[in-house]
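There are two complexes below, and they share chain A, which is joined by chain B in the first and by chain C in the second.
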Partner chain A sequence: MTDLPTPTENASESVKGRSLWADGIRRLRKRGFARVCFVIVLIYFALAGLIFLDEVFGWNIPLFDWQESVGPSYQKPCLEYEWMPEGQEVSQKGWTIFGTDFLGQSTFRKILYGTKTSIMVALFASVISLLIGVPLGAVAGYCRGWVDDAIVWLYTTIGTIPGIILIMAFAVVLRSQTFFGMEIKGITAVYVALGLTSWVGICRLIRGEIIKRKESEYVLAARALGCSNGRIIFLHLLPNVFHIIIINFSLRFVGFIHAEVILSFLGLGETDKPSWGAMIDAARTELARNVWWEMAAATAAIFFISLALNIFGDALRDCLDPKLRTD
Partner chain B sequence: MFPESLKARCLSRIVVSRLCWLGILLLFLPACKKDDHSVLSPDEIILNQRIRSKIQTLDPADVGDTASHGVCSEFYESLYSYHYLRRPHEIVPELAATMPEISEEGMLYRIPIKQGIYFHDDPCFPDAKGRTLTAHDFVYAFKRIANVKVLSKSWYIFDGRVLGLDDFREYTKGCSKGQVDYSRPVDGLYAEDDFTLVIKLQRPWPQLIYWLAFLPTAPMAKEAVDYYGPDIVKHPVGTGPYILKQWHRGIYLEAVRNPNYREVFYPSEGMPEDTAAGLLADAGKRLPLIDRVFWRVVVEDQPRWLLLMRGDIDINSIPKDNFGQAVSMGTDLTDEMKRRRMQLKLFDEPSTFWMGMNMNDPILGQNKPLRYAINHAIDREKFIDIILSSKGKCAYGFIPLIMAGYDETIKEWSPGQFDPQKAKAYLKEAEQLHGGPIPKLRLAIGRTGTVQKQTLQFLARNLSEIGLEVETELYDWPTYLEKMRNGSHQMFFSGWMADYPDVESFLSVFYSKNASWPNSTNFNSPEFDAIYERVSVMPDSPERMELYRQAQRIVLEEMPCAFTYHRIGYIIHHDWLENLKPDPYKADATGFGHLKYYTVDAAKRDTYRKTFK
Partner chain C sequence: MTAYIIRRLLYLVPIVMGVLLVTFCLFTLVGGDISQQIAGKNADAETIAEIRHEYGFDKPLFLAWDSQFLDHFKKAFTFNFGRALDREKIGEKILRGVGPSLALTVPMFLGTLVISISFSLIVAFLRGTVWDHIIVFLCVAGMSIPYLSFIIFGQYYFAYKLDWFPIFYDPSRPIYLSIILPALIGIVAGLGSSLRFYRTIMLDEIRSDYVRTAFAKGLTSRKVLFKHVLKNAMIPIVTNTVLSIPYLILGSLLLERFFGIPGLGYLMIEAINARDFFVLNAMTFIMALLIAFFTLVTDVCYAWVDPRVKFD
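Entry: the complex of A and B
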């Protein structure tokens, strides 16, 4: 026999309900591997943030000084080597974990700096695509009629063009253009191009969710109280679909990192600063002279963040919106 | 009993099914064709060449791409060509009997044509027997290039050069296609007799001789053009050592020795090193040495490389991705290639690459010490070692090493030397002149590949070592050209390669009237311009060479460029292919019209195929 609480006991206790977020976090805590992945993602973000601050405030942290020559050209990874720095007459000893590039720069430091490049691109591209996709999807779903038709036509048209081609076209067109006195070049063109072309998915998702929820009681109540359409969309509906935005953000983040790598590989990315894509591009020709370490290091860096983001994104989706689970 | 409709339906199904089978059989029919290779005689000497792109045309007037040019040069010949072995390149008569008689003012060329030269045997001639070549065939070929209706890609050669030819072109504009009267006289282009061609120029043009060694100026038989009409692009009827046997577009071409080819012999003298290289082993032998040539069209790098490794083609360039597999330390073959007895041919290209500075830029243009500082900051040897994998030689001026006019002493006096101490001293001077630290400079390049990126990074690093900050900019070619034309650039990395052995084209890069393009440095020197204008109409002479050197000294005094390197070209071939001497003036390096000098040791090829297949 199990002791069941009597109706009287139950009524006397005040049971506090869990919010969607609290419930999600509780579920997430139970997933050990997802937590490990979250820590890995946090490390990448912390590194990117630290490098960003180092650049802004000029802290000159030696570990992030990727321009410094730390050894001879194409030095293999090794625990001790001897080399003669430029303009000096005394040889120096050094060690390197991922070897050096053609200018004797540390591949490890370039990988660290590449983290900042990739995270920045993915972050800005995500923000731009969310800023376009979310309001458009919400307005289309709520207003319907000709507004919906126009927005659906727009994203359907954009959606029919192959993604990478569209991104490349945008990146090429945006490069060397001046907007408000600022010239768009290098990595800026990449994340603007990514952001401008990647809002279709989130727009379609939000539109569907808003259509589903626009007749809910809380929306009807808000309407009965005389709230404006804008207030209903942005203060009542969007907070309730915010978890979808978060899930989408985490899953697409890795896609943006890959896109940056591909664009840099194609020569459309960063020109004078390290990025993982540019490193792989450079390594392509260097492999011919048995310089494998740059390719290996960049691939490993991409591999770990991709894996961690994918696993964490999947876990987040399962925890915040169990209905979307695919397994 | 079946109803009639069902019966009809069954019958129609049977018919459709049989038609389908017939269609499938027809599809396989071409595969049943007898293999042409099977008719080859075992004693024939065969060369297996490769082409990197589809052949567009075999009409000299229509040729505009390297692949077509290379193949077409085996069927047609020009008045002049270059000596196969001698360097620097030397013009020698090909269809001309002697070098041209040039009038004193350089405006009239009288060219005697060799007698006893026959066009290929072809159905376009009576009894399908090739007729004798005459001077009229050159007049016809040149007028054909001028004919607007022919849409020749080579009109630029004669545009505004030959007396009366521009008027002839104007006349053709009013004619309907096929109605052009080629007998219409042109004042500056006629046959004095059957074997003397006369060309009168509008103004002196000493470079004409190089153009007369260029395939588009090859003679054409009017009978062939009339007989084949637009199909002349598929039926080459020239005087060359080979005759086209078959052409499967996009797949391969086959050519056989021209049995009526005149008596031409392998040269018996060349450069001192040619004897050791075995290039004079066939001296005095009648050409061509090869009986049959196959050109396989292989567009992709990797399959072409694999065909070379299998021994199915005899010669190839080295694809970038296979460079490490083929060459070690930039100049020597790898052990694997040595085991396969491959031969690597390295040669100096007539090219110079430099980091240019915009002389109209307010920071660089008015600050000579700054330009000197930049010049002394570039570590050319390290650049060649790291960026070019040793495939280059240091440049101290713009005249390439292999061209007549190159100054052997330039290394001693040119300011373009790597010296960080001098660079820093000049930079101090430059800062005083500028009135403070030099602001961040911009360095651009017109391609976005890895090598270009590394080139800029390397140069920027060199400049940062003396204290100059540089921002690198990689542009696609059209954007880069636009930047050059509108003058919004500061520094840029560029180069120039000669098409023919005359330094004159290098001088055009610094001529003030060519400002913005090709003179992207916007260099402006009246003294230099005067020399350029003088040499461009001056016949080849020691005085002209001295003027070239003088012009180079004027440029080096101002240093609008940091001259960086002269490129080294390379080509790889099997050891059974003999007598190959690279021609650096041609994009393919095997040269155009040179197959007649090659020969093949078939026994070595068979051994290789047995060992490595």
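Entry: the complex of A and C
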């Protein structure tokens, strides 16, 4: 027994508590289903990241080349089909799990590429809305007074306009505008519009939390030590409400993915690259010709990430902050 | 009470001003001069100048009595929004759209409300059992399917394939025929989130002390659920209903678009496709006004019903 801990080490160990995050993750581990959902979400994100890197570095991974014609127009999902590629004399054999579209492009590859489109829209929209909502909410809650009044006025005003109208108005107006020499087009208009309109909820939430916590002892201690207000807000208060941001983020993400579908249908989304919304929209004319696979595949892709994110987000909320239950 | 209502009404003023400021920034400052778009690609300079004059794009933005900024406010307060790009008066267009929109959304809303509240009472009774988990899972699953898929599939299968309902709105036939299918699709698509919402409300109530007391004095569970729990859950239910009224007037954009119902949602989609900022501007303002008003109504009702709410 040579490795007995010294008394001081022992003492410091006994007072060491578990952090909120360690506690939350420990509880999350016990939920098997939530873990499965987390893995599904990770797979979607990894796929989107891989396609992004593939585009940036030009790896030309064949599976991500959605433009290639791999079969005849509107080939049903089947294990083996024969087709004659244009300009060739020999017929080729192939197989497809999700069929092909009008141009003979593989639906499966389009779904994969659509993952990148959707995740990118949702991610950028979330980042924009957090970058606006969190600092505004924190400053409003901490400073109170006229600053608070102004910020509350701003978000009440934005919150008074129905979300769907505001998003569409932003998307319509922002399209093909030029800001600082950059033209806003296609998908950029979608996530800028979503981000600029959706920060109200998180702003209100953070403001309320900061008001609750600004009188706590640790804030008082920080002030007694001479910390500046900015330091107290961003280094002391915000880390303590960070879990709320994460929970909100994970539940908000689903909404953005669904919003992308609607905006694509309205013709405000991506126009020349595949996206899930555009694929579902294409089904309007295709279903009458019995082409169901494109819509089914896109719906399934959206369904699984939404379900996984919803369940994981709920589990995260229950584990990190059960009091936050609002729905 | 009267003082409270007056104070709340006064609080509407900065909100309405804010909405007008937002729409001005959006449609006039960022959207800008769309005369080129109205005139078409091959228009000569004279036509464009004419259109600019007609829509007032040639006026100064700020700092003049007839500036576009003041004009924007004047239009809103007199509810005189001028003409849309297709020369029709915007006010008439909007008034005409309210009826069809309400014809679709009111049955849809009531159906969802009745079904989800009765189901939520049953689910609250089953809380903690396997059935509860299954129903919650089904709700989340229903919420995860995109709205557009519900509509496209429903329209294709029930109207086109089975031919049970008309595919499009037909003005010559009674309106309820064309409303049934879109309303049913709307109910099915919205049931998941609605049921989950009311389940949480019911569970909050069922955990409270008065329910334990009611059970303890030997009431049957049916009596507890329908007499005690439902009555106390009425406050969030009524709040939710009142706050939904403006959205009922707005109609359902996607359903109206797919089934050709000429309501306000359809009007919005048309305006977006035509890039008609005038219609969008008018709709945004009117909807914001309605929402601000009904939020006020809810707050006043809250203060009126619940003695714990203070008037300040």
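By our rule, the second predicted complex is superposed on the first by the 310 of 327 C-alpha atoms of A that agree within 3 Å, B and C clash if a C-alpha of one lies under 4 Å from a C-alpha of the other, contacts with A are read in each partner's own complex, and residues count from 1 in each chain.
Going forward, a contact is a pair of C-beta atoms (placed from the backbone, for glycine too) under 8 Å apart; a residue touches a chain by one contact, two chains touch by 3 or more.
Since the structure is predicted, the reported quantities are computational estimates derived from the model, not experimental observations.
In the superposed model, A:V172 lies in contact with both chain B and chain C. Contacts of A:S216 after superposition: neither chain B nor chain C is touched. By the document's definition of touching, neither partner reaches A:S228: not chain B, not chain C.
Contacts of A:F102 after superposition on the shared chain: chain B is touched, whereas chain C is not.
In the overlay built on the shared chain, the residue A:L287 is in contact with chain B and with chain C.
By the document's definition of touching, of the two partners only chain C reaches A:I262; chain B does not. Number of chain A residues touched is higher for C, counting chain B against chain C. Taken together, the two complexes place residues 172, 267-268, 281, 284, 287-288 of chain A in contact with chain B and also with chain C. Residues 14-15, 18-19, 21-23, 26-27, 30-31, 140-141, 143-149, 152-153, 156, 160, 196-197, 200, 246-247, 250, 253-254, 268-269, 272-273, 275, 277, 280, 283-284, 287-288, 291-292, 295 of chain C are the ones touching chain A in the complex. Residue ranges of chain A in contact with chain B, taken from their complex: 67, 73, 86-87, 102-103, 172, 175-176, 185, 267-268, 271-272, 278, 281-282, 284-285, 287-290.
For chain A in complex with chain C, the touching residues are 153-154, 156-158, 160-162, 164-166, 168-170, 172-174, 177, 254, 258, 261-262, 265-268, 276-277, 280-281, 283-284, 287-288, 295, 298-299, 302-304, 306-307, 310-311, 314, 325-327. For chain B in complex with chain A, the residues that touch the partner chain are 320-325, 386-387, 389, 420, 448-451, 453-454, 456-458, 460-461, 464-465, 471-476, 479.
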